[in-house]
Each structure stands twice: as C-alpha cells, then as structure tokens.
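Look at the two complexes coming up: subunit A is in both, with subunit B in one and subunit C in the other.
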Partner chain A sequence: MGAYILRRLLLAIPIMLGVALVCFMLVQIAPGDPLVSVLPPDASQELRAQMITAYGFDQPLPAQFMKWLWHAVQGDLGTSIATSRPVFSEVMTAAINSLRLAFLATLIGFFFGCLFGFVAGYFQDTWLDRLASVFSVFGVSVPHYWLGMLLVIVFSTQLYLLPATGGGPVGASGWAWDWAHVQFMILPAITLSVIPTGIIARTVRALVAETLAQEFIVGLRAKGLGESGIFRHVVKNAAPTALAVMGLQLGYLMGGSILVETVFAWPGTGLLLNSAIFQRDLPLLQGTIWVLALFFVVLNLLVDILQTLLDPRIKRA
Partner chain B sequence: MNMSLTNIPSPAQMVPIETSPGYWTSVGRRLARDKVALLVGGIILALVLLALLGQYLTLGDPYGTSMFKRLRPIGTEGFPLGSDELGRDMLSRLMLGARLSLFMGITPVILAFFIGSAVGIFAGYAGGLANALIMRTVDIFYAFPSVLLAIALSGALGAGIDNALLSLTLVFVPQIARVAESVTTQVRSRDYIEAARASGASAFTIIRTQVLGNVLGPIFVFATGLISVCMILASGLSFLGLGVRPPEPEWGLMLNTLRTAIYTQPWVAALPGLMIFMTSISFNILADRLRAAMAIRS
Partner chain C sequence: MNLHVPQPIVSVRDLSVHFHSASKIISAVNGVSLTVARGESVALIGESGSGKSVTLRSLMRLHPEKTTAIKGRIEIDGADVMTMSSSTLSAFRGSVTSMIFQEPLLAFDPVYTVGEQIIESVRRHCRLSRKDARAVALEALRSVRIPSPEQRLEAYPHEMSGGMRQRAMIALALACKPRLLLADEPTTALDATVQIQILLLLRELQREMGLSIIFVTHDIGAAVEIADRVAVMYGGRIVEEAPLATLLANPCHPYTVALLSSRPEGGLSKGSRLETIPGSPPDLSRLPEGCAFAARCKYASEACKKSFPGRVAVSPEHYVSCHRFPESA
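On to the complex of A and B.
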C-alpha cells in the first residue's frame, strides 16, 4: 500500500511538470508583442532592448521556462497587467469563491445522482429506470450556460424569487452563510450540479445493477437477510467508486465553471479568466489556468489514493 | 452479348446458400429497428439539411437590421420566432445558424478522429518507448478538464473560427488517442496478428489489413459521443466571444448577444440554446444507440 502511494506520488511529478509547461507555452503561442502592454508606443529601441533583457525574453525558451517555474512554485505568478496586483492573490481570492460554489454543486449532484442511480439500479427496466436515465442524458447534454439563463428567466425575471447575478448583496467582498448571501448561490449551484447529477446517476446505476447481480446477494437473501440489510451491502459496494466520481466532478466543476460563472457574474476563477481573456491579461490567464489545472491533478491524486485506502479489493501493483 | 447464354444460371445462383448477415448489416438492421435511434437520426439529418440548404430556405433576412423592429415577441407578423436585439429575423438566423454551429461542433471531432486514431494506433502497435513517450504526453493534456483546456487555448490564441477549431481539435486528440491506444494494445496480442507477422507481413500491412478493421469501430463510437460535448464547447466558446465573430449567425454567439434581452424578451433570448440542446442531446442519444447496436462495451 505504502509503495503504491509513493509510486503514485512520483508519477504525478512529470504530469505536474507537463502541466506547467503547457501553461508556460500559453503565453508563447499568444499572438502579439509581449511588451506592448508595458512599453509606451513611442519607446526607443534602447528601452525596448533593456526591457527584453529585464524580462528575460532574450534567453532561450527552456531557461525562460525554468525561471517561470521557479517563481511559480513559490507563489509568484507575476503581476496582472490590468490591475497591477499580484496574480497569485487575485487567483486565490477567486478560487475560494469558485470552490464554495463547486462544492455546493457537487453535494447537490451527489445527492440527486445517488438518488436517481439507486432507484434506477433497484428498479431496472421499469419506467422509473427509464425516467432516471432520461434525466442523466439530459444532465450531460444540456448546455449548462443555457440552463443557467433559463433559471434566471424563470426564477429572477418572471417569479422575482432569487437574484439573477452577482456574488452577494455588496458585491464580491465578505461572504457569510446567511440567506442574504446564500440566495445568490442557489441558481448557479443548481446549474452546475446538473452535469455531476447525470454522471453520478449513471455510475451508481451501473454499480447497483452489478452488485445486485452478484452471487453473494443471492446467498444473503437465501440466508434470510432483509431488504434493508441487502441495501447496506449494496451501499458498501457502491460507495468507494461513487465517492471517487464525486471527487473528480469537484475538479471538473472548478475548471469548467467559466461559462456558468459568466452567466451569473459569480466572482470566481471563471469570471477572472473571462476578464483576463478580454483584457489580453496573459499573466493572469496563465496563472489562473495553472492553479486550476494543478488543483485538478492534486484532486485526482487524492481521490485515487483515498479510493485505494477505502476499497481493499483494489490491489494496485 | 449472346442471348442464349443469359438463360444459363451462374454457379452462384445454382447453390442456395443461407449466409449469415455481415457485421455491418446486422448493426444496420438493429439500428433500423430502434425507434429512438431513427428519431434522433432524423433530427440530425434535418439539421444537416438545414446547415447545407438553410441559405435557400430562409424567408426573412438574417442580416438586415432595423432599430424599429428590435426584440419582437414570438408570433409577431413577419417574425414567426421574434426578432433579435438588432431587429433581425430570429427564424432565419436560427436556420442559418445551423451551418456554423454544426460545422464548429463536428469538424474538430472529425479532425481529432483522424489524428488521434493515427497517434493512438501507432503508439499501441509500436509499444515500448514510443508508446510510453506518446501516452505520457497524452496524460498531460488529460490533466486539464476539457472546458478549461479549450478556453485556455482559444483564450491565448485569440478569438476566431480557426483558433476555436484548433483548440477544440487539440482537446479531443488526446482523448481519442487514448481509446485508440487501448484497443490497439488489446488487438496486438491476438494470435492472428502473430500469424500475420510470422508470414512476413510488414507492420504497415498488418495495421492496414488486420488492425484497422478491428479498432476503428470502437474509436468511431467513442468519437460520435464526443460530438455532443464538442457542440456544447464550441457554442460555449462563441458564447464567451471566443469563437465565431458577429454578425455571422451561430447559436452560441446569438445566445451571448441576446443575454441582455432576458428581461424584455426572455423566450426569444432562450431559443438559440434550445437549438444547441436539441443537437447535443440527439448526438448523445445516437452515440448511445450506436454503441448498443455495435455491441461495444463502454
């Protein structure tokens, strides 16, 4: 077990390096002069040359990459061109807002995904099963940014029940778990939860169906175990995989919430990315992508290790 | 042409043979019996026809703006589905929008199907160091959620159709390559491959005659499933302002420009999204049914 975890940790290192390389290259593939935002248009050739040396653009790419990585791992992701604030603190503030939203969405998705999945798995090939599978196909096929718009139309513009956009009554600052703040979170969280609901429902249905078809269930029934006892065994068998899928979904939601955050103007990493793209704020774009991708890699790693610890049947060499 | 010869039955006709239908014939028969598959297939066919012929079918003017006819509700005289924020006919724009939306949703998957299959089959067949190098590179792209990668790439490259297509293709190549590699690795160890190798066939010949036929099916089914994702992502890029540029009609871009109209004409504003949803769910269901008909386990 210890050896497996160590091996898994070691394998993550080249992946993380690769992810850093991709993020570094994002700025390199971007068209345009990297100095255009820091130099005045009438800058002299000498000043230009000085800046190129100062930023290290005259060095070979591998050297530039090593320098960038060295700063990045210490939390120095450069300065935002638009706001002149350090990228790292901008990303972290936004990431906490995104994480709060993604976490709630994952919980909603886990609850309904398990509910639909268990019902569908227990009542296979009945109308309940078909209804649940229609729901999960719906969940993975709906453009979630459109679903968000629909929810705003229904609950904000027609019924006046919930606020349409924003991260709180006084903007992005100061979060509290009271109704004044939480009401801003409801529509985006529901919108985001649709994808994990569909995926978890599919997974749980397959797990329940597979477990119920196994011989030990027949054995337990023959022994006289009641339905609630059988249910306990099914839950025990399905839980590790379902939890793992839930963990991965949290990562997908963190990285994939840009469209939904844009619809709801939720002050998270998605909205930050959006403004970085439109202000051509490349350091901010690069830093945000790096933090989100790193979060995804670490989460994958944790889920993998936890699953191995939770489920003794998984023997990994 | 000698008339007397036509009465002589050919040898094939003389022997009545009950041949079992081929694999593709039976897949086709299963699909033809599947009502849901036929329904979604019909929807997709209609959308493709709309994309090809939309410009000849539109009654209104999809580009003509009018400040006096902005944001008319659904069912207005002359605007059956209302008008958009610049007074353009929604029905015409939705119809014409099928062209760019489908193009952006399908092209990256087709490109990624060819590139990803080639890379994955090569990695799977070659094995060893080449496999390790290719697959570890694929792993790196896998470490990004696909929405994030697509937006990161097109965000860095800048707005435009070409850049969006390039980013989306790059998102799907690793996914397809991984599937292609895994099925090829399974096929590679089969006895008939060994037999072909023993009989002196070159690697290229073996891949062409023995491997391709056995791996393309599963890769194809996987790729069909990606079209649904690609539709949502491509429209999402345009929705963010990264894909198609105005004034071209594209559903994601239309949804973006109509966003401000949700307080005045909410149902008109929601229409482009309905088109994206319909297309995406049709492709999703078709891929599911195809997988079942081809008896491929996901």
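On to the complex of A and C.
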C-alpha cells in the first residue's frame, strides 16, 4: 500500500507540471493588457516600460514560465496587481473559505444524493423512483445562481431568516463555528449542494440497480440473508464509485462556484477568480487557477487511494 | 400414519411458474411434479429454456415475487415452502436447503472475502461467535479439499481459480449442514478436468452427509456421474423420468432419444458430424396446446398437436409423457 501511494504521488508530479503550463499559457493567450488596470489611462511610455520590466512581461515566455514556476513551487505566486498583496495568501484565505463551503455542500449533497439514489434504486419504476428522478434532474438542470437568488428572495428579503450575502458578520475577521458565522453558509451551501445531490443520486440509483440485478444477490438470498443483510452488501458494492463521484464533486465545487459565490458575495476562490478576471489581475488569476488545479489533483489522489482500500478488485500493483 | 415409508425430502406437485413482463406472460414451468427421496440425487436435464433452473429456484422461492406467479405445492423436509412467511423462508434458505450456482465468480459478492461470506452464512443460521464461526468456515473449506484453507479464508473471489471458487461455493452451501443441495449447472462454467473433480467431490460429500441433491444440467455426461435418477424437461414439463441406467438403456420419449444421440459417443471420428435436434426450443410466451416437442418430433401426429400426453409408467419407476405410449396401454 505504501509503495502504491508513493507511485501515485510520483505520477502526480508531471500532472502538476502540465497543469502549471496550461494555466500559465491560458492567461497569456487571454486578450487584454494586464497593466491597464494598474496604470492611469494617460500614463507615460516610460512609466509603462518601467512597469513591464518590474512585472517581467518583457522577457520571453519560457523564461517567464520558468521564473513563475520556480517561485510557485516555493509558495510565492507573485503579487496581486490590484491589491498589491501576495497572491499566495489571498488564494489560501479564499481557498479555505471555499473549501469550508464546498465541504458542507458536498456533505448535504452526499446525504440527500444517497438517500434519493437508494430509494430510487430499491423501488425502481415506482412513483418513489420517479419522484427521486424528478428531484435529481431538477438538481442538475436548474441554474444554481438563479436558485441562489430565489433562496435569497425567500429566506432573506421576505422571511428575514438568514443573511443574504457575505462570509461572516460585519467587522468580524476570521471564522468561527458559531451561529453568527454559520448562518452565512446555509443558503450558499444549499444552493451549491443541488448539483452534487442530483449527480450522486443518479449515480447511486444506477449502482444500486446494477448491484441488485447481479447473480450474487440471489446467492445472498439463497443463503438466508434478509433485506437488511443484503442492503449491507449493496452499500459496500456501491461505496467506491459513490465516494469517487463525491470526491470529484468536492473538487468541482472548489473551483466551479464562481457564480454562486458571486451571488452570495462569499469570499472564496470563485469570487476571487471573478474579480481577478474583471480586473485583469494576471498573477492572481494564474495563482488561483493553479491552486485549484492542484487541489483537484490531490483530491483525485485521495479518492483513488480510498477506492483501492474499499474495492479489492482494483489492483494495488 | 405410515411410519415405515420414509417421508421424501422434496415433494413438488403441479408446480407452474409464470413470469409477467410488460408485454407478455412467459410460461417457464407448466405443471411439474417431482419427488426426491432422502439421500437421493436427481438430475434435471434439458436445453436452455426448458424450465429446469426455474424449477430449481422455485424450490427456494428465489424468483422476484412481484413479477412471478408460482402455483402448486412444494414441500421440503416436511415444510410447506409456498406458505412460509418471509422470515421463516429466509431461516429455511441456507440451513435446510442451499444452492450452488453455475458461475461462482458471479455468485460471490466481489467486495467481501470468501471467508467473510461463509462466516456470514454460518452466523446467520447458527448463532456463533465470530471466532467459532470462523472455525466452522475453515472446517467447511477443509471438507471440500481446498488446499491451504487458512489463506483461502482471506482471499477474495477474484483471487481464486474457477474450480477453487466452485469448491468454496460448495463449502459455503454446506457449512450449515443442509439436508438438500440445489445445484444449478455447477460444472457448466468449468474446464472438463475440473468438472469431473467437482462432480466426484459432490458425490463424496453427498454420501458423507446423507445429502439429497437436485442437479440441473444440460450435460448428460455430468448427470451420469452424479444422478441416481434423471428427469428430462422440455417446454417447462417433465417429459420422461427414470433411474439413470434405465433411461440410458431404454429412452422412450423422442426428445430423450434425440438428446442422447446428440452427443459424441466414444469421440467423433474425423469428418463425421454430431447429430443435432432440428428446429429450436419453443417460445415460452406462446406454448402450443399439445406437446411442446411436436414441432420438432419426427413421430408427431395430429393427437400430439391437440393435447398434452398424460404421464405413463412404461416400467416401474420409469415414466414418460408421449402419445406414442398411450395411457391405456
């Protein structure tokens, strides 16, 4: 097992390098001059040239990339053009906020996804199955920023139950697990959980249906197991795939919640990406994308390891 | 009442099994009656779709209840299987009657070790501690002559060879000392050399444990190794039933005759062709009124198409259902 993990870690290195190259190039290809946002429109040519040298934009691309990578692996992702703060600390603060939200949303999604999935799989082609299917199709197809706005309208502006936007009480710095802070998470987490709920529900339904159709289920009945005993076997058979899907959903939520974080002004990576894009803040954009991509790679690694632990048929060699 | 005649282990009367699908009704079994004595081994022989496996699985009511209509009487070890509650039924499965399957790789749960699955079955029926149940499982693996049984307990099904898996399946089935073993084509998926080992093992275990076996197969060669008595099925009915030697020496039903002649006798010589039965098995959703084999039978007459022939004893213990053997004779 140790050798397997080590091999997977080594395999992750070229992937991370590739990811670094892609995010570096993506930003280079994107149209727009990054200096537009820092320089006044009437800046002199000398000032422009000075700034270009200061940010290193005059060097050839491979040199810029090597320099960026060299600093990146040491945790130095440069300085944000817009805020002049180190990109690394900006991204990490945002990533932790996003992770907290994504984690809660995935948990909600996993719980309801499994619930709907198991019910639908066990009661195939009954009204329960159809009801669960309607929920999951709704989950994956409703635009979640729209759902977010709807929730804000109902729970914040009509019922005054929960705050509409923000990442914590006004004036508070940092995070605490108390109601004053947690209430800010509830609406965005519910909004974000809708897609994973739908996807996990559909996956689990298919897994349960597939497992129940297998010959060994007859074998289990033939040796005298009741429905609860069989359920245990179904769960263990469905678990590796369900966990993999859940892990990937967590990854998507980490980076894919730009719209929802913007709707709720949640200070996470999504909001950060949004402002980096609109302010043409190249270092911030690169850094955020890279950290998110790394997060995805690590998450995949964890899911793979977890799967090999759960399913003996996945070879550890 | 009749104490000196031992009660049979299995007594099936007029069993019929119909599957309801969205568009049609499949009549898989149409009036099967079968008796198996204690310690006896009976082979059900027939082609795919003859209803042999369906009959076998009905004995434990393993078909999904929503889509299956079972009629008739099934008595196993004196208990009426048809009227059992679901808890009685699951206590009965695996303890009184157990089953082995055609493809042991599919019949084991892939994510549990073989040991865990045997232990699960033992603990389901015998209220033992984990440790004692493990000892029983180990003993079961030993009794099916699995080499290094301690290690096999920890192995996953996919880590074993086909023959080894079938041995493990037999160990699982026999771990709780059932009185009746239902074998659903247990050698079909195995190599020829492994087949014979499994058949010999089953016969040995049968003698040791006083087990009754119902053995479903399409392979007469396998039946010869294990069966005391053979029932030939066609179109969901038993068309001929006799002790093994009688059936081989004097097959009466045209289908049995055709089945016996469509196997290589002493190896086929080069250039000669294996005899086959012309035509194809009947469509179970549209069975004819009369004999289901009539369409493929060279002796078929008008009577065969009109009514199903009754069961006739051609000699003691040898029964056949064919219009060539009229009931009056």
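In this text, the second predicted complex is superposed on the first by the 271 of 317 C-alpha atoms of A that agree within 3 Å, B and C clash if a C-alpha of one lies under 4 Å from a C-alpha of the other, contacts with A are read in each partner's own complex, and residues count from 1 in each chain.
Basically, a residue touches a chain if its C-beta (ideal position, glycine included) is under 8 Å from a C-beta of that chain, and two chains touch if they have at least 3 such contacts.
All of these numbers come straight from a predicted model, not from anything done at the bench.
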{"item": "Joint occupancy of subunit A by subunit B and subunit C, clash or fit", "value": "fit"}
{"item": "Touching partner for A:277 - first (subunit B), second (subunit C), both, neither", "value": "first"}
{"item": "Partner chain in contact with A:150 - subunit B first, subunit C second, else both or neither", "value": "first"}
{"item": "Partner chain in contact with A:236 - subunit B first, subunit C second, else both or neither", "value": "second"}
{"item": "Contacts of A:216 with subunit B and subunit C, given as first, second, both or neither", "value": "second"}
{"item": "Subunit B versus subunit C as contact partner of A:292, first or second or both or neither", "value": "first"}
{"item": "First, second, both or neither for A:191, with subunit B first and subunit C second", "value": "neither"}
{"item": "Dominant contact partner of subunit A by residue count, subunit C or subunit B", "value": "B"}
{"item": "Vertex subunit A angle, Cα centres of subunit C and subunit B, expressed to the nearest 10 degrees", "value": "80"}
{"item": "After superposition on chain A, the shortest CA separation from subunit B to subunit C (Å)", "value": "16"}
{"item": "Set of subunit A residues, in rising order, touched by both subunit B and subunit C", "value": "none"}
{"item": "In the complex with subunit B, residue positions of subunit A that touch it", "value": "14-15, 18-19, 21-23, 26-27, 29-31, 137-138, 140-147, 149-150, 152-153, 157-158, 251-252, 254-256, 258-259, 262-263, 273-274, 276-278, 282, 285, 289, 292-293, 296-297, 300"}
{"item": "Partner subunit A, residues of subunit C touching it in the complex", "value": "57, 60, 62, 86-87, 90-95, 98-99, 101, 103, 106-113, 120-121, 124-125, 156, 158, 172-173"}
{"item": "Contacting residues of subunit B [partner subunit A, same complex]", "value": "136-137, 139-141, 143-148, 151-153, 155-158, 228, 232, 235-236, 239-242, 255, 259, 262-263, 266-267, 269-270, 272-274, 276-277, 280-281, 284-285, 288"}
{"item": "Contact footprint of subunit C on subunit A as seen in their complex", "value": "214-216, 218-226, 229, 233, 236-237, 310-313"}
